[in-house]
Amino acid sequence: MALSPRTRALAATTLALTAIAGCSSASGGSGGDGAKDGVVSIDFYYPDQVGTLSTLIDGYLKDFAKEHPEIKVKGVYSGDYDQTLAAVNTAIDARKAPALAIMDQSFMHDLVERKAVTAWNPFLTSDADRKWKDSFYPQFMSNSVGADGQVWGIPFARSTIVQYWNKDYFKKAGLDPEKPPAGWDELVADAKAVQSGAGAKWGLFIPTSTGTAYWLYQALVQQAGGDGAISDRAGTKVTVNSEQNVKALEFWASLGTQKIAPTTEVAWGTSTDDFLAGTTGILWTTSGRIGSIQEKAGFDWGVSALPAGAGKGAPTGGGSLMLFDAGVSKKQKEAAVTLAKFLTTPERAADVSIKSGYIATSEAAWNTEAMRAHLAKHPQAKAPHDAVADAIPEMATPDRDRVVYQTLAPALQSVLLKGADPRKALDKAQSDIDAVLKTHR
Amino acid sequence: MKPRTSPRRLPDQVFAYALLVPAFAFLVLFTVKPLVSTVVSSLYDRRDEGPTLDNYRLLAEDEVFRKALVNNLLFSVLTVPVSLALAMLLAVLLQRALKGKALLRAGVFAPAILPVVAVAVIWLYFYQPNIGVINEVLGWFGVTGPDWLGDTALVLPSLMAMMVWKEAGFFMIFYLAGLQAIDPELDEASLLEGTGRFTHFRRVTFPLLMPTTLFAAIVALADSIKMVDFVFVMTQGGPDNASNLLLYYIYRVTFAQHWPQYGAAISLLVIGVLVALAVLQIRLLDRRIHYR
Amino acid sequence: MPEVVLEQISKTYQGARGVRHQALTGIDFTVPSGEFAALLGPSGCGKSTTLRIVAGLERADGGDLRIGGRSVTRVPAAERGLAMVFQNYALFPHLSVAENILFGLRSRRVPRAERNARLAEAARQLRLTEQLDRRPAQLSGGQRQRVALGRALVSGAELVLMDEPLSNLDARLRADMRTELRELQQRLGLTVLYVTHDQVEAMTMADRVIVMREGGIDQIAAPEELYARPASVRVASFIGSPPMNLLDVRRDGTWLVLDGAEGDGDRVRIEAAGLLKGLPDELPEELVLGVRPEDLVPGPGELTLPAVRIRDELLGADRLIAFRVGTRTVQVRVRADEHRPGGDRLGARHTACHLFDRRTGARLDARRLVGATG
């Protein structure tokens, strides 16, 4: 065929363009029902907030492949919880959702509302299945079960807030190093004592970062005698301006005015480093930090449940295993359930706890050989277990980013960092949150 | 000359357009189509029902958006001129000093070469209240440094300072190139006439750099709105939304809150503001610019 | 008055990789006040460097520079009381013609009324009155050139340095500007130091030409003298178009033998008793004989060369005829309407012949060598 050079050049360009356009439609992951030659393929997204989890999971997945050759798992490390949510959202929009993913449990309402997740109930039909479901601590399950009794999540990497204190400072300040503050008065007195008596720059750090302020606030509300859960089970009713809510925030703000804590942001990320550097005598933060404090502390330290006031208990947090629906076949979901069971055996729950600092999710896990040996060596690791007994659910609502990060956290920060009036700030937050939640009822 | 007769030969006009097709295709695919779908998307509510103007109504009363907008305007209005002024000053001062000094040059260009995330990580440690370099240095003089990123009043200025550092280094390269294009005879003529260095800068160098300045100002303005990586790394918009910027808010709305329709509405507003500012800038400066 | 005196000015440049490059070696010359001096030489000869040292744009490593009797070696450029016209005019592209011309006066804070008066005067002299509001980009090459001149004139400086100011103009305009420049210089009584590589510019405008080569001076002379009595082979070959015919010869008694011919039988011998008379006996053996093309005529003369005519070239009024002398080609210029001579000889008068020492390149001059006879 005798084409002129021009026509040939154009033809080549057209071909190239077609090829580019073709790429976008030809690419794609595990389509169909993922079954081929009797082998089921599934995607599994897992975040890692602490840096040790992904290695652990990689190992478990290798073991799983040996034990279950009929299931092929593609593990996808997906960053932190927020990035995982974004990744899952994108996958859902493309109808190529992972069959299973570890999600921040507090995203549950959003995901349920968008019908992105599948309830576990249809897959838990035998007695053994139900027994497995009931083996997890109810404190952890409370965030995973909807108002209608549907189970949306299986606890995996869970945590709560605990109190760390610097025993060296306590000794130096003339306090009993084995006796952590057990109430607000003691907390303030001890904090002042380590400042004046032991020369600590600050007495008490309760992180005020946008991402976690609500969490610590929940504990303070509980201690003030209020409902620390803040949200109801359906997540659509939130109370942040009760008397106890205001009292809790007033107490928190008083730490700054009494110069026990800074009136600038106490950053979640670096507060552990500050505790390790001796900048503060007492720190409230996640139980997940026990491991790193254990490893790095150059002084004698203790860890306990949070102090109690009119009420007691701290919220739980962390990630749960969730099943997804978009483009996932029944077979793949069943395979995902098999994987979930494999990942949550008492032995593995204990292993996760020992190696990452998350709290073992069942009593059986605490009674394993490995865990007993670990506790014998590191008695501090028992504190989270004790804290779980009184744990309350984590605040969880639909439109969580707007309610929690965009409305509640700034309201708290305006009081803590800029000296706004607690009642006014909370009243405003209440009406803003109500406006957001109104659209979700 | 009679053209070669070939039945397959395309007329010039058609050929010219045909050559432009790939460019047009990419423009449509990556600019026009997304823009149109953004407009359409912004007219639907969260459940994709519509069309409705609810998103725009919400925009009018969204306090976080308003805060992000004010923050961003402050951020742009202050960082763009300061970065450019500093870039120009550095370029003029370093023009001669930089000749043949590779190490010095590398040092000066470093901020321009580093990715924003790397810059953010570095400055995150500069700004740490207890272990940070800045407060460490202040400590030598007996000054207790503030918590740069933890104080609602300081966080935005702190981010601005970092942005200026990064952008000044970047735009200095443009200005160095601009200075290369100025005939050295002009400097000598000026010198012979007894013109002072500052007068020479004001009457010759500065006006001759105006085309560079206009270009850099538009790029800097776009940067000040689109470069928000450091917000992710350093502050997540906090505390109390004091460092929330428009694009970060769009990200949160679109992805974290999974509300692309509202995100689209905010995006359109930002695009509108950007285009308006760019047009204003060009109008304002174009008259005062001499192009060679 | 701005007499310019250079004494033993030297300059070295630090080249790449630390190699030092000698740009000027002991430059000595004087430009008397009100005179037009041209620094002439090929590119890289150091003429621009010399000018820039006088201007104060570069500093000499050694030697003394005096302007108007004052040593200015350490005086900043702006205080030397001179103006400069640059090769590319150095016009500020963003300023109007008027602003360009007045730029220096504003820097020197000359009062507005005086500025305007000087501007009007300069614009009138340079026929720029119509163009005062234009930008340089809107001007022709010649107009730009005049703006650059205008800037030099309004400064009131009596010493003006010019660095190849005409090199960016086309040939016709250049010829016009040469006349204009010279007129202006004479009318205003300016002292001008003018750098060029174009001998025509130097010869037509200058009172005094300083021929430079490789960082040194070959000859300083008035144009006529330079043409009539080039001090060296180099100057002889550089000045004049077409250049002087130069023949390598060997002295054999009163004969000159043309070098490079094959075999003794074909050797070209020239009877030169008359030419060599008056030259000392210790004359070197190896010489260069030079005759300008217009000084040779077909047919015998006081000095006669055997020659074979090989081709003709008509140059309008003149005709250039190439002859072969031995193995060398010489150019002869005659009037175009002169009848075509068919002869096999070329003649020249003794006074039109130049002799140079082949080893040193220096001119051999009866009067100078003999001493006080002239």
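Letters are used for the chains, namely A, B and C, taken in the order the chains are written, and counting of residues starts over at 1 for each.
One rule holds in what follows: a residue touches a chain if its C-beta (ideal position, glycine included) is under 8 Å from a C-beta of that chain, and two chains touch if they have at least 3 such contacts.
Worth saying up front: this structure is predicted, and the values here are computed from it rather than measured.
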Each chain counted as touching chain B and chain C at once: none
Chain nearest the overall C-alpha centroid of the shown protein atoms: B
Identity of the chain that, by mean CA position, is farthest from chain A: C
Between chain C and chain B, distance of the C-alpha-averaged centres to the nearest whole Å: 57
Interchain centroid distance [CA atoms averaged], chain A/chain B, Å: 36
Rounded Å distance, chain A centre to chain C centre (Cα mean): 89
Contacts with 2+ other chains: residues of chain C: none
Sequence positions of chain B contacting 2 or more other chains: none
Touching residues (chain side chain B, partner chain C) in the complex: 183, 185-186, 188-196, 199, 203-204, 207-208, 290, 292
Interface residues, chain C side, partner chain B - complex: 55-57, 77-79, 82-84, 86-90, 92-94, 103-104, 107-108, 135, 137, 151, 155
List of chain B residues in touch with chain A within their complex: 6, 8-10, 15, 18, 21-22, 25, 46, 63-64, 128-131, 146-147, 149-152, 236-241, 252, 255-258
Contact footprint of chain B on chain A as seen in their complex: 2-4, 6-7, 10, 13, 17, 82, 85-86, 89, 110, 114, 201, 208-211, 262, 264-267, 270, 273-274, 277, 279, 399, 401-402, 405-406, 409-410, 413-414, 417-418, 432, 439
